[in-house]
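Chain lettering (A, B and C) follows the sequence in which the chains are written, and residue indices restart at 1 in each chain.
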Amino acid sequence: MVAVITKVKQKQITQLIDKGKRLDDREPTDYRELKIEQGLIERAEGSARVLLGKTEVVVGTKVEIGEPFADTPNDGVLTVNAELVPLASPGFEPGPPDENSIELARIVDRGIRESKAINTEKLVIDPGKKVFVVFVDIYVLNHDGNLIDASALAAMAALLNTKMGKYEVEDGEVKTKPGYEPLPVKKHPITVTCAKIGDKLIVDPSLEEEQVMDARISIAFDDDDNICAVQKGGAGYFEPKELVEAARIAKEKATEMRKKLNW
Amino acid sequence: MNDKPEKLIDKKGLRLDGRKLDELRPVKLEVGVISNADGSAYIEHGKNKILAGVYGPREVHPKHLALPDRTVLKCRYHMAPFSVQERKSPAPSRREIELSKVIRESLEPAIFMEYYPRTMIDVFIEVLQADGGTRCASITAAALALADSGIPMRDLVVACAAGKIEDKVVLDLMDTEDKVGAADVPVALMPNLNAVTLLQMDGQLSTDEFESAVNLALDGCKQIYALQKEALKTKYINVKEEIKEEAEE
Amino acid sequence: MPIFLENKQLVTPGDLIAEGEYIAGENTYMEKNKIYASRVGIVEYETKRLDVVALKSFYIPRMGDTVIGTITEVGFSGWTVDINSPYPALLRASDVLSRPFRPQKDDLPNVLDLGDLVVANIVSYDRTHDPQLTVAEPGLGKITRGQILKVTPTKIPRVIGRKGSMIGMIKQETGCNIILGVNGVVLITGKTLEDEQLAMKAILKIEEESHTSGLTDRITKMLKEAKSGKEETKNE
């Protein structure tokens, strides 16, 4: 049910990109205007809203007490979930998560987990018995392209905004203590997505550019400029030299973004 | 974590959030907030934060559900996992399914269903934060989203609840009051036609108290209706103001 | 019997406009002798007939309308066309080929493929079936270049202007050829992308400010300023 992109527009986009220009006058490696807001959902332990161009994503975090996984008794639990709600695009249908929302959640999860952004050892209350369970729920509200970068930024901003209650184990029982403390965030992974159109690479594809692209690649960097997650998407392919180029561009943009956000 | 509060109404007759018995929580409305949707609106009613989006009239999917002489209206009320105190699973609960139905039935009388046969109108409601009275706030936002989409309507639909806490009939219960109070009566109204399109009640009320509650809720509806009209007109009035300013420069 | 509102007043659905012997015009409805608005818009009346000029609406097909659409499906003997309406339109192969369709010889995607744009006329439509299109008239057919713009269909008359004055002025100042589909889809073909984008900007401005006065002057001013700006950069 998504609108079919006209051939005339497709041609226009590819011709422009071939000349190093884009439909909205951006440079090939420019991000659209970015706005981040934190703490808008007071009920949630943490929250953030990202507006990337017209793409809008809200992330809420909930921190609850639960049991650790059997194979990691001394680690708290982090779980990331994404919903492409039907009001965000004519192409989104109500129902259980489809492959797109599951892929989105797992890509964002990978960036956070592999960069060790959260020290899950610090989320233990009673080793082997009670730990903090951090739910990160990604809610896409308007789809105008590049849901991955917008969601990853919103998830990180929400985690940075997250407060947890204080708990102590007294006589084998978990007791609440007054006050809150911030979620221990150690690293700030940033994901950059590049799309391939023809033989050119562009950063932060808009919805129309995504409809024309051959493939995309999303690369997450940690604070030390190490790559911690990569995902190629789309039905097309990359040449090895394009992958190297994409990594180089992504690293540059991640550093720029990190500086701009002061993360 | 939430201890039951001692008293819901203090000695001065004020509620936990400082309101009088017949006072509405603050309401903020904005129209046209989701660029992809045909119509959309955002409401903040007290601490409730709700988005409504409309797609349609559009082709019916799957085709066999199409009706030859009218449009098909579908409504989905859905809460974000982070919208409530304890994280809610994203899967639709029985409550969400019931609310989807009653909300749809509160909006349907306002729509000229026979105008667009063989089409479908989708209303999507997403609750980002909940604090009592979400179905009413959802209806208010959904009606605005429908008007914003250009779908012809007989009237707007606006909703508000009243209830009883500690022997007093009060307007617009927030979550704590709803959980601990004696009754909750949500009402939806088409204000110009003076027609009630949603009415529910749970709790215990005498018939007099019920009548008081309904009247109080209707009064609340009329107050919110004024804000709905303003929200719809704002976009156009702002453009007029901007042009006036430019001309005066 | 009274009219309760003034001309040019902004109304919302359900607003009571008048009571008594009046004619319920566009975007209004009558119930028990009272006339109400059914869409957000501006009240307009002359004597007996009350209309609301809607600020936003969508296109319902009418016989004879010229529309611009996108091919969304290549079927067995024709195409499905998105004409920016709740109803998808049908274009038969025989209409495009100007002769009977030969299933084994004619390759439809070669003639019109997914994503192609067409200018077409509505030849038939009623409440029981989807609209049918024809391209078998002069000026109709496949579009190969230009910018496509969507505006709310009720604004198209404003874009045209009185006796075509507004659209004529835009065409002249930007040097673009502009086809206005009744369905709110506009095709702009110019010599350069800049000219096309300037025409787009003018039309979008008309859509946004259509309910205000002095629009023609502001559009003329905007176009002239843009043109002189262009010449300045040329001379630098």
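By definition in this document, a contact is a pair of C-beta atoms (placed from the backbone, for glycine too) under 8 Å apart; a residue touches a chain by one contact, two chains touch by 3 or more.
Remember, predicted model here, so these are calculated numbers, not experimental data.
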From chain A, what is the lowest number of touch steps before chain C is reached? 1
Sort the other chains by how far their Cα centres are from that of chain C and give me the top one. A
Taking each chain's centre as the mean position of its Cα atoms, how many Å separate chain A from chain C? 39
Rounded to the nearest Å, the gap between Cα centres of chain B and chain C is 33
Return the residues of chain B touching two or more other chains; collapse runs of consecutive numbers into ranges. 58-59
Interface residues, chain A side, partner chain C - complex: 3-10
Parts of chain B lying in touch with chain A, wherever the complex brings them together: 1, 34-37, 40, 47, 49, 51-53, 55, 58-59, 61, 76, 78, 80-87, 90-91, 122, 124, 126, 128-131
Any idea which chain A residues touch chain B in the complex? 1, 40-44, 47, 54, 56, 58, 60-62, 64, 81, 83, 85-90, 94, 96-97, 135, 137, 139, 141-144, 165, 176
Residue numbers of chain B touching chain C in their complex, please. 38, 56-59, 68-69, 110, 112, 116-119, 147-150, 152-156, 190-193, 228-229, 232-233, 236-237, 239-240, 243, 247
Interface residues, chain C side, partner chain A - complex: 70-72, 82, 113-117, 143-146, 148
